[in-house]
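Naming follows writing order (A, B, C, D and E), and every chain is counted from residue 1.
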Amino acid sequence: MDNMTRRVFAGAAALAALGVVTGAAAQQPVKIGVIYPLSGNSASAGNYSKMAIEVGADVVNNGNAELAKIMPIAKGGGLSGLGGAKIQLIFADNQGTPAAGQNQALRLISEEKVAAIIGAYQSGITVTASAIAERHGIPFLTAESVAANLTERGFKWFFRTTPVAIDFARAYSTFLREQKAAGQKVGSVALVHENTEYGNSVASVIAEQFAKDGLPVTQKIAYSANSSDVQPQVLQLKEKNPDVAIFISYTSDAILYTKTMKELGWKPAIMIADNAGFNDPAFVKSLGGSVEGLVNRSTFAGGKPGSVPELFNELYKKKTGGDSLDDVSARGLQGFLVMADAINRAGSTDPAKIRDALKATNLPASQMVTGYEGVKFDDKGQNILASTLITQMRGGQYVAIWPKDRATAQIVLPYKGW
Amino acid sequence: MTLVQVIVSGLLLGAVYALFSSGLTLIWGMMNVVNFAHGDFVMLGMYTAVVIWTALGGGPFAAVPAAAIVIATLGVLSYFLLVRHIMRGPMLAQILGTFGLALFLRYAAFWTFGADFKTLPDTLIGGSFTLGGIRFEGSRVLAGVGGLLITLLLHLILTRTSVGSRMLAVSEDATAAQLMGIRPQRMQALAWAMAGAATGIAGALIATFFYTSPTVGETLAILAFVTVSFGGFGSVLGALVAGLIIGVVESLSAYLIGPVYKDVVVYVLFVLVLWFRPQGLMGKA
Amino acid sequence: MKRYLFPGVVLVLAYPLLAAGYPVWERLGALVLLAAIGASAWNIVGGYAGQVSVGHAVFFGFGAYSAVVVYTHLGWPPIAGAPIGMLLSVAVAAVIGVPTLRLSGHYFSMATIAVAELVRVLSSTSEFLGGAQGLTGPAMPRTVFDLSFLSATPFYYIFLAVLAFLLGLTWWIERGRMGFYLRAIKDSERAARSLGVSAGRYKLYAYMLSGAFTSLAGSLYLCMFGFVDPESGFGILISVKMVVMAALGGAGQLFGPLVGALILVPLEELSNSYLGGRGAGLTFVVYGAIIVIIARFLPSGLLSLFERRSAKPAAKSEIASGHAD
Amino acid sequence: MLIDARNVTKAFGAFKAVDDASVTVEEGDILGLIGPNGAGKSTFFNCLTGDLPVTSGTVSFAGNDVTRLPPEARAKLGLARTFQVPLTFESMSVLDNATIGALLRHPNARDARARARDVLQRVGLGHLTDAPAKSLGTPGRKRLEIARALASEPKALLLDEAMAGLTPTEVREAIELVRRIHGGGITIVIVEHIMEVIVSLAQRVVVFHQGREIARGTPREVTSNPAVIEAYLGRRKVQHGAHL
Amino acid sequence: MTTLLRVDHLEVRYGDLIGVADVSLEVPAGSVVALLGSNGAGKTTTLNAIAGIATASQGTIEFGGENIAGQPAYAIVRKGLALSPEGWRLFTQQSVENNLLLGATPLADRKRIPRLLERVYAVFPRLAERRKQTAGTMSGGERQMLAVGRALMSEPKLLLLDEPSLGLAPTIVDAMYDSFAALHKDGQTILLAEQSVDLALEAADYAYVLQVGRTVLQGPANEMAGNPDVQKVYLGIE
């Protein structure tokens, strides 16, 4: 029962963290609110992100010698800009509903008096939670929500570190055109996406981008999330047999697609997963062996020894008892580090000063946990240096294969599967 | 050929729907109770299988009977501690009580097992085979055939055995059943045990090809409700027929119209059935 | 019951003053009232007429979407969509009600679930409704009509006014011909029909009225939260919560849904606030257990505690003999 | 002719509960429908009120063909009834029960309530108006059903075993009540096992046995009819003769 | 003759309604006792109280020397007391034979079932013809036969019959009463509620007449047969 040990371990770590915070009461701790789906359908992602952020806070509060060589904030002893104030994380459960997300944002602001908020995973919930932060003048940073309209609302307190659909679409397009140049057949592309805010938005942006770039999308299959069965979809694919299939799915459906494709014995020459479910540690653990050679988009891909991603991943593994950081938890951690950096530079818990510091953020690629080229926000709060890696499943784990300058392995095609 | 494959996979899926609906319909038929926690019974059956199979290394032969026993016990406990008391109250009390039970079980599982998706290893029944150009996946065939067998078995127990006859007697007229020397509460508890066992087996079989998570019951519960009222509350055979119809309709509409619309087709069909046959396909008027 | 009324009204009116300076508590008051509006609207058909709809999210969603659609597509303040949503819901209630209200007991409940799920799936495929992404209300208030407030207190009084109107209307109906007829239908449809009550027609009226106010609750929800997607508009949990709230307090009683909301909403919010952050779903273990315990020991709802004990317990009287014909 | 039922048959599967029965009721009549248990009189009665659809035959009321009309439409035309097993509105007070009936002709609840109070007074439930209906025993419930039906101001009142389960004193009171109701100009059809009731009330009697009519006439005529006696007391050996 | 059943001052209430006010009776082992009275007199309530599906509020019911008042019906039938109830209360969704087999549930010796089935089919050949038919599709007369047959299947020491002739054609009534006579000869004890006075008195050794929940007349059957009071009680003519 690895879960049990993990739970016990996590509990002990939380208690220890609490002890440290109360012990060092010299300086008022800086409270950061974190809203995630800790129950409901997306709870798995939420709970992993929560642990990743806890690792981040631990590094900021207690230091890590290796990381300190690369990023100043990891020196330990809290936030130097605030006289060594520790960071205190206040987690809240959005229960997967926009209403709970907003209610909890208000609680964090008014009761917990947090200096800033990170959250809320699902775009719909980020909409409602960030609206409250905006009205109260509290900085709100989302590290995962990709809905395009989030940064189009004219908000002054809203920031987003994650790349969005258009970034992904460009990455796929460039990647595929490079493969075509290298002699791979990419004459037909199938888009399989769940009919949710995430699936629809990504799929339509990809379709548009591909049309622009002359990549033919010959099949678009939308399906309801949490399906009980995906055989008909796979049979449709099998019939048309496209060269490239891109799957935009959460975990439950990712598992079903993988199993069903294996059952029905169909695979495309290039199979691409748009992150999400195919990156879920639960998926990788149980089905990694059935998707050898799967091309995935991820902002996280291990990294070379001694690099920021690698060091954080080791810390994270220690906390979780073996699970690696994945795309979602790494992005969450990245968001937290950006926020911590900004508060440190602001030298104050005054929300306006934190916002100004966020606006002035300029972090280099070398300090990234994720594969971003750095963090720098535009006027709308979007991180203009956000970008994505393309990875491939090799022997049960994802390795970076694109772009070339950050690749740790060579691409192997066609898709092998099982 | 693809169409045949679609229909075959729909039939197999339908048999599974029938399997996880049979417990629900049995309880309804016996005592006019709709168990809103049914999906979560299935979910716990799945977890039992996962725990026995992987964590304890029991493999499939221990997992299926263990799930049956665990969920049967859960059913009997639910009957004595909750259902027995709320079935005397208004119908709303049933919704209130079993909905509360659903939340409790779902998040008790969450608390115990975490939010992760779990899947069973592919060993033993993971393979697939081809028969006349149609591909069959071992675990689905097992689940589909298991579904057919369990549903038929339940049907046979009810219609062909003396204990089934006694259960039906209690469900029709509990007072008259007492005149035959039958203790109604015992038969009702037995019905919960049987329904629980069928539901547990359903969970264990589904776990072989589906993912397991604390909220998976929600996905399955609505399907079970539709299957049961489609087939007619209380009719095990109705659930089987309805399950097969829904499975095939889903598969065909997903393939021919588009996966997003398969639920639309199923719900429209369901509403039409209720319009023309308010008691469901095989329900009693 | 009556002697609680006056202090109750005073407390309700003064609540925001007591909660002033505690935004979470101010908001909690508004949330209770909003939930009570939805549950009280459900109560008209589910409680008084005894037709247990588990698909009222259809109307809630129509209300929420009407509000956000008039903003998205016409640029109007969302609240302007409320009357449109109500009219639409009345029409939809007629369309759904005619076939489903013929069904009895659980079949009606299941049919309403199916219809709600159908609408949910359809809404997620509609471009006009923003598909699965949902639609967002005005991010920042343009005028006061956008009902975007920093504090929840204005919402509190708006919701209170609506709830007061709804309960007043319910009270008036309860006292009039329709109220008598609905309760008669619930007790014995056969006897009611023998006395000239067009049961089908009255059930439909109740369903339409109930739908209209559930829709209003949806519109108000949108004004407060500013976002709706298929799940938060048409999801089954929305329907079930209305039923559970009314049943918990006492279905078919004027203040039953309000009592249910008074218990459940704070329970949900506070347990989420104090337990939710630990991320282990403990919130719902507690929430579920409390519902089970109430259902087990008070199957007719909390208000049944206050029922006069003078009435002798109902003993099913059958005639000693002679009903075999 | 107020009620005219022609060739009414009602079958449940293979079992014909009512087999080709024709009965007419004149305005101002008190018609008794009698017969032993299982004779089909209640089934026939329910065909008149619309609670059961007929398998074949026609029913007309006050000149309207009501064969296909639902019970509520027949009630609006002035056909009121009581039930064999009382179907009181359990959650309501006695007064509210009667008010439901009164609302048919008095849509205003206040008027209806006043009317209901009158009727309750008339049937002798005046002292119980505020009591919960579920606190009443069977005699009270039967009386309440009559009050409820009367409150709807019917042309005809159909009583389905309104006396069963009452003590002799209660039966006498009930008979008095029905006489008073009839005196108020309401046509009465009464289904009854208890011969005493029929003898002292009915002007005409129709006797059912095994789904068919076996006799009709005045009470005195039918109680001396050998077929009726046999139906009631069972097969009579010839040597016993008829004592009636 | 020992007394198998003794009912003393039985009172049964349904809410406020008194179903039975004061009934006392005795059934000696091996005898057939008739319970007469018009509808509403309390015959059914008395039988139901004895069998345990109505609750006695006052009085005692002694069966084989043990007070069984207040015991649940399923326990009473196992002591050897079977009721063919008013309205038959058949399991209409099950076959004729299943109904009969359900009647044999209390039987300890399962091996006797085939012989008991045969006995019932011999008494009611109609049931044998329809053994596979669903009970709900049968006519009233057939239902009556099945109800009586079902009660016989537990081989009770005391058989309670609630209006067994109701709704039956005369020839069938004859056959059934012949079979009661045969059972009687075999030593079967029967308590018979009947409206059909002459039929009942012909079959019975002793009779009680109920009126409005009270025993008003009693005596040996042959004396009751000519008693004009019986008719008065029945037809309500004074």
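We take it that a residue touches a chain if its C-beta (ideal position, glycine included) is under 8 Å from a C-beta of that chain, and two chains touch if they have at least 3 such contacts.
Everything quoted here is computed from the prediction, not taken from an experiment.
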Neighbouring chains common to chain A and chain C, by label: B
Fewest touching-chain hops separating chain A from chain E: 2
Contact-richer chain pair (by C-beta pairs counted) among D-E and B-C: B-C
Chain centre separation (chain B, chain C; CA means) in Å: 30
Between chain D and chain A, distance of the C-alpha-averaged centres to the nearest whole Å: 76
Inter-centroid spacing, chain B versus chain A (mean Cα positions, whole Å): 36
Inter-chain centre distance, chain C versus chain D - centres from mean C-alpha coordinates, in Å: 42
In chain A, residues with contacts to at least two other chains: 39, 43, 46-47, 195, 222, 224
Shared interface positions of chain C, touching two or more other chains: 121, 124-125, 280-281, 283-284, 312, 314, 317-324
Junction residues of chain E, two or more chains touched: 14-17, 19, 39-40, 166
Residue ranges of chain B in contact with chain C within the complex: 28, 32, 34, 36, 81-82, 85-86, 88-93, 95-97, 99-108, 110-111, 115, 214, 222, 225-226, 228-229, 233, 260-261, 263-264, 267-268, 270-271, 274-275, 278-280
Of chain D, residues touching chain C in the complex: 37-43, 49, 51, 70-72, 75-76, 80-81, 83-92, 96, 99-101, 103-104, 107-109, 112, 132, 134-135, 137-138, 141, 148-149, 152, 161, 164-165, 193
Chain D - residues contacting chain E, complex: 13-15, 36-38, 135-140, 163-168, 193-197, 199, 210, 223, 232-237, 240, 243-244
Parts of chain E lying in touch with chain D, wherever the complex brings them together: 14-17, 19, 38-40, 136-140, 163, 165-167, 170, 173, 194-200, 212, 228, 231, 234-237
Of all residues in chain C, those that touch chain A in their complex: 22-24, 27, 31, 121, 124-125, 131-134, 136, 139-140, 148, 150, 221, 225-229, 231-232, 237, 269, 272-273, 276-281, 283-284
